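The same chain A turns up in both complexes below, where it pairs with chain B and then with chain C.
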Partner chain A sequence: MTITEKQKKVTEELLNIVKSIYTQLDDGQIPHLELALRSKKNIKFDPQKNVWIYGDMTTSRSAKKIKGATLMLRTLYMVDFIRDMIENQHSSTLREMYYISEGWGNGKFHNQDESNLLAEDLEVITHCMREDFRLRPEEDGARVIGDLTLIETDRKGKRKTINCRDDVGDSGYNIPYNVEKDKVEIKSVGADFVIAIETGGMFDRLVENAFDEQSNALLVHLKGQPARSTRRFIKRLNEEAGLPVVVFTDGDPWSFRIFASVAYGAIKTAHISEYLATPAAEYVGITSSDILNYDLPSDKLTEKDVDALKSELKDPRFNDEFWRSEIEAMLEMGKKAEQQALAKYGLDFVTDTYLPEKLSQMGILL
Partner chain B sequence: MTITEKQKKVTEELLNIVKSIYTQLDDGQIPHLELALRSKKNIKFDPQKNVWIYGDMTTSRSAKKIKGATLMLRTLYMVDFIRDMIENQHSSTLREMYYISEGWGNGKFHNQDESNLLAEDLEVITHCMREDFRLRPEEDGARVIGDLTLIETDRKGKRKTINCRDDVGDSGYNIPYNVEKDKVEIKSVGADFVIAIETGGMFDRLVENAFDEQSNALLVHLKGQPARSTRRFIKRLNEEAGLPVVVFTDGDPWSFRIFASVAYGAIKTAHISEYLATPAAEYVGITSSDILNYDLPSDKLTEKDVDALKSELKDPRFNDEFWRSEIEAMLEMGKKAEQQALAKYGLDFVTDTYLPEKLSQMGILL
Partner chain C sequence: MHSEDNANNTGISPMKGLASTLAGKQQEISITEFFEKNKHILGFDSQSKALLIGIKEAVDNALDACEEAGVLPEISVLLERTDEEDEFHVVVEDNGPGIVHHMMPNVFGRLLFGSRFHARRQSRGQQGIGISATVMYGNITTGKPARVMSKTDEDVAWVMDISVDTKKNRPEVSNDQPFIWPGKDHGTRIEYYIRGRYVRGKQSVFEYLKNTAIVNPHARLTYTDPDGKKYVFERATSRMPPKAREVKPHIQGLEIGDIMHMARETKQKTVRNFLKNDFSRITDYVANEILYLSGIDGDADPASIGREQARDLLKAVANVKIRAPPTDCLSPIGEELIKKGLKHVLEGHRPEYYAPPVTRSPTVVNGNPLIVEAGIVYGGELPSDSQVTILRFANRVPLLYQQGACAITKAVESIDWRNYGLEQRGGKGIPFGPAIILVHIASTKVPFTSEGKEAVANIEEIQKEISLALKLCGRHLKSHLNKKEKKKKTRAKFEVVQEILPQIAEKSANILGKPVPDLSRTITKIMNVIWVEPFSQTDKQGLRHIHYQIYNYTNKAKSFMLHSALPRSCLNESILSENLVEVKEDGKTTWQFLNLAPSESVELYFQLDGEMADVFDETAIFMSGLDPAMIIGADPLPGDWGIKGMEINEIEATVKEEVEEEVEEEIEEEAEEEIEEEELDDDY
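And then the complex of A and B:
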């Protein structure tokens, strides 16, 4: 495989960091790097892109103190390592990245949080994505089943055409860690909409009940808090293929956050919300009202749950009427429920009754 | 799909439980069920099958007390539910099974441990497998990459031929929860041996470095403590396809247990060791001596680690020279290491140096 234009661009962005440090040193200054502050108080809604992004607050990384100088040393080592991976068409897990630093003398990371954070800093500075740096997380991609035909360019540069219903087993197609166009191309879509599902148990339920065919849906497994590649993949299905996206999770504060990360972007990665977030995504459930209307088996909210719900009331991403009322209703009844609790009414209830009812209310199914 | 002979046999075995309860009641006795005691003190080595199985100690489940009577009621409900699933070609997660009991009145389970345990009891009594009962865990199957051609019969009874290198993306083929012959057929194998890998990061490393082609290996991701389907799949590759199996994990007490469950069977499931265990499997590392010989980045053993190692010294499955010396060596140096720690020497070290060295010592690579 040859180095693409995009990869050249990424290398260039990275080398600009090195240049700026060099110039500052050359001018006899103590080098520093400016980057956006990554915290809840610095995220704001971008009406153009329709997602939550970082505001104007910045933070400065100076080499004045030893800690800062060490960080800058690491930055240079990491830039060098990434450039090397791009040249050799290599990639590495964030864990390997951490171990690689064993050879960096004083630049060695003390724990993986340090190396992960620096990788994110580089994203913020260069406006590139970790995937462009060929760094990937451990978690393996989620699964997809439905009438979607992809062309994946494999590790040897071979282009493989894969239909996510006809060419895969019942476990579906695995979303790779890199789903950019140069790796995964959307060739054609037969499905009418995407339903992103939190748990593997419910994903398999919809597969077994052939919900993908019954409702012409594309089933995507979120696997709890979805990996970046899963969120990016969903966004591409929504924007490139024009598919509506609905999210089906448990009914608890943590699942609300899963929806938020799909629809609005995560606070930790607001600098790339425009790549990862799908603002058009809608929440199908489990809602607080579902717990009442369908009389679902439920559990008491724990203290942690209550605190999470309260902090969500302060989270700008949840600051709309739907979510305020959902969160307040849940706090009021003090109960949460899992999506698999629908099995109380039998294994077909979710596909024969619950989803058809909810999705037609939402105008997704007619 | 029509009901297979095997499924008829399973239903029959289950109905025998009902018959025995009925007969006991009919004779005016308080009904009870006998089953093997499932604990460390009741597992013994079976020289024929070459795996660890349960001994002769049994436990009796009587309906004398309310608790026992409730358990028997649940047993009958579950038998009925399973028979129903077999007739309707349905399956369910263990979680759904738990929720299904919401409709059983006094038979309702109080938590999922109860329902999981009962499912295992039914296995012990009927000598069938949970998969025969069409009950499956949440965890999704691990991934496979290499020259192996399978025929998977999908949910609609369609037979799909899939080569795990040419017909899948870089994320590989997903092992479904049921890998029995009627679901997954091994058509042909080009690989020379199986390497089962604990972490996703290392699996992806071997994929990216094309270790499957370089050494003509079949790469199987264990995903931590492997699911039953993964262990069953590995056993079939070993016995049906005649492939040697090596296991590549982190170097710590928990990873030793992962190897043990692949090679000797798990204590919790010793009643089906002969289906799941691969006695011929060998441990490639990370070993205590690797930590020294390759000077790997390591962490101090925690108290929990030390206790785990000590209890492994008492575990009959580890009662051979190799494991005694490995465990004692680890206790002595007080250190553990992850397989990804090999990245200290660069991303190719594991495939260019470590595995070739270790595998040729083991006579797997020549």
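And then the complex of A and C:
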């Protein structure tokens, strides 16, 4: 397999960083790198793309101080490492890169967070994605079950056609870390909509109750805060295959954030919200009103929960009528509930009553 | 051990109140008997304290006697256990002027012997009850007499056994005989037995001797402890402290009893002459004023002054302006010798900094002249996680007991040490950190809280004086810590330019397949300082080698001058170099460096030889001719230096740029912190 145009472009973008540093040094300057400020202060809504992206505030990493200089040295080693992987068609995990940095002199990583952050910095600077750098996270994306046919190019370059209901076991199709077109193609879709589920327990409940067949749904497991590839996969299903997306989570402040990262884009990865966020995604529940309407067993909000809700009231992504009233209602009643609390009314309640009711209210199910 | 004069001076002031009490109510028992029953008044209130107090009396008196005679003190202390339980054998020997034969029994065997309580002079002896009390205590607790040997300038020395007849307050002498003391020019040796308890730590004999050595750098002390281990505190200087002069008391510091006593003892025939001649600063005019206000007849016999009259006199005195007593009679240790003493004794802790000690100007407290001195030692191997050590001294004697009740401690506690770089809970109390705080109070009469003379009384003026001295030391400490911090930051820059940047250059060149760029301009921009690196080393001959390496990390050639106040007596020909401009009378020395090229460095080297060599602080180096903001490792020349700095005053545009960059960096750091915060939020 030869190096693709895209890979050439990635290499070029990376080398531009090196050139910039070299040129500054050659001019007798103190080298620095500019990049977007990655903070809540600096995210804004992009009305064209319908997602939250970084604003115009930038930060400068200067080699004047130890911290900046070390980061710059690391950046160079990392660029060299990525370039090498692209040339040799290798890939590595972020954790492997952390260990490889042992040989990087003063640029050695001291913990894995540093390597993760730097990988994201490179994305911000080059406008490429981590997957383009052939760096993959420790964990794979999550599982999918439903009537969807994909063509995946495997590690030996062989194209395999897989139907995510018929060709897989009960644990479903595992979303790989790279879900770009060169790796995964969407061949055909039989399902009517995507339902993304926060917890493994609920995912398995819907599988066991055959909700995918009963409602012709494509079940996607989010595994908590969803990995990038899961979010990217959902976005492609929405935009390329035209499937509506609903998100089904627990009813607590952290689940609201899971929805936000699927629908609006996460603050940490706002530079690639365009690739990852699915603005059309809708929230099914558990909502604050569900807790009351269905009289669900609930827990008291902890102090941390309350702080998280209050912080969400200041988060521009939640600044609309629906979320304000949801958050305020939850603060007011001081309670939260898990999605599996629906089992109070029997194991079939979620697939026979709750979801059909909610989804038809939303116009997804007729 | 005692000169006669010195003995006279011993144990004056606690006695007077007690003496009159005795005279009034307890005539049937002798003074000695009274003290036997009230041992705590003498400081013998516990067994461990008794052991220490005895040695302290002997050593303090020995030091006083040597100074009196102008002899550099050489004192040895031996402490050993005997076969009896809790009994110790103590030997203290000095090289003082010796005591004439017929005075020996009284000096060692009679309490309150010849006290002239109105003599005012800074002396150690005023703090104790006297060596005779030690002899008595030894007699009482062991039943054994003390053995005293003494030799004056005469050829024959005398030895005798002395005990105190407590009924009559008279010495009992036995075995009195002359002998030849081989190898001894003059001096005194006392041996006694005492019941006591041997302790280690803060209130030990060792600690007392160590602290004594700090404030008496002219003394050589030898100590053999009960385990046979021998410690020697060598002399740090052969310079004797100036002699303390005796002054007449100042009437504003006296009480009714003092006046009555003095009136009884005076040789003056009239009250007017008594006032004029027995007190300091009383002129004819002042005497008349006092007599007029008190309504006392100036021609009356002083003996006629009773309680009533004494009170009237003092009332009148309060309304008369009398000049403060002379203050030049005191003998402070002095800034240089405090430093030398501290260095000498504490060098084992390798402290990183000795704040220049402070000797305040004399002041008057309760009619007595008083001087406060202070010093701070910081860092090195001093423990950093505990309270600082406070070393208290009065008239060169360490105070080891009642720390909490002492004005020195109170003054330390009332300062907010957080301003000076030490940790302190709530800005009050004894601070924490790797530091030793030294305070010395010198006075003709140090006001103590009690007869035990272990804590300085809490008088506002004293506290204020201590506080001012300590704050000045504190400012020096803070400035040292600031410099250290600044240097640390610049050291970080060194790491950037010497390690990381070359790696960045090499790696980027390597990736692009280009030659490694020259970094000198970038390095200069990052550093943008003139860096002075001091280094000093003392060789086996005691010669101190002082080096300065001066680096130009700016982008222009620089000309500048270095200045330092060198101990002139320590200079030798090594000071001569092409850079030397001048050495002034007072040791202030100036060097000039012209056109030091960017990225270049130059060395300055000289030697210091002689006793004061180790007092010189090589980091006390000053620079002129450059913008102070770009100098690291040297201070800008102070305004009062008295040397004209070079007429070069360049303030470069790059400095402004630098400030902006710093601001940016701060913003960046803030932003990064925020990202981390966000992550926590987002990642659940």
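Just so it is clear, the second predicted complex is superposed on the first by the 366 of 366 C-alpha atoms of A that agree within 3 Å, B and C clash if a C-alpha of one lies under 4 Å from a C-alpha of the other, contacts with A are read in each partner's own complex, and residues count from 1 in each chain.
We adopt the following convention: a residue touches a chain if its C-beta (ideal position, glycine included) is under 8 Å from a C-beta of that chain, and two chains touch if they have at least 3 such contacts.
It should be emphasised that the depicted structure is a prediction, and the values quoted were computed from it without experimental measurement.
When the two structures are aligned on the shared chain, A:Gln225 is found in touch with chain C, with no touch to chain B. Of the two partner chains placed around the shared chain by superposition, chain C is the only one that A:Ser39 touches, whereas chain B remains out of contact. Of the two partner chains, neither chain B nor chain C is touched by A:Asn50. By the document's definition of touching, of the two partners only chain C reaches A:Tyr22; chain B does not. Shared-chain residue A:Gln214: touches no atom of chain B or chain C.
In the superposition on chain A, A:Asn163 makes contact with neither chain B nor chain C. Of the two partner chains, chain C is the only one touched by A:Ser311; chain B is not. Overlap of the chain B and chain C interfaces on chain A comprises no residues. By the touch criterion given at the top, residues 85, 90-93, 95-96, 99-100, 102-103, 136, 138-141, 143, 152, 154-156, 160, 162, 166-177, 199-201, 204-205, 207-208, 210, 221, 297, 338, 340-347 of chain B touch chain A in their complex. Per the touch definition, chain A reaches chain C in the complex via residues 15, 18-19, 21-22, 25-26, 28-31, 37-41, 59-66, 68-70, 72-73, 76-77, 79-80, 83, 105-107, 117, 224-225, 254, 257-258, 261, 266-268, 308, 311. The part of chain C that touches chain A in the complex is made up of residues 492-493, 495-496, 499-501, 503-505, 507-512, 514, 517-522, 525-526, 661, 664-665, 667-668, 671-672, 674-675, 678-679, 681-684.
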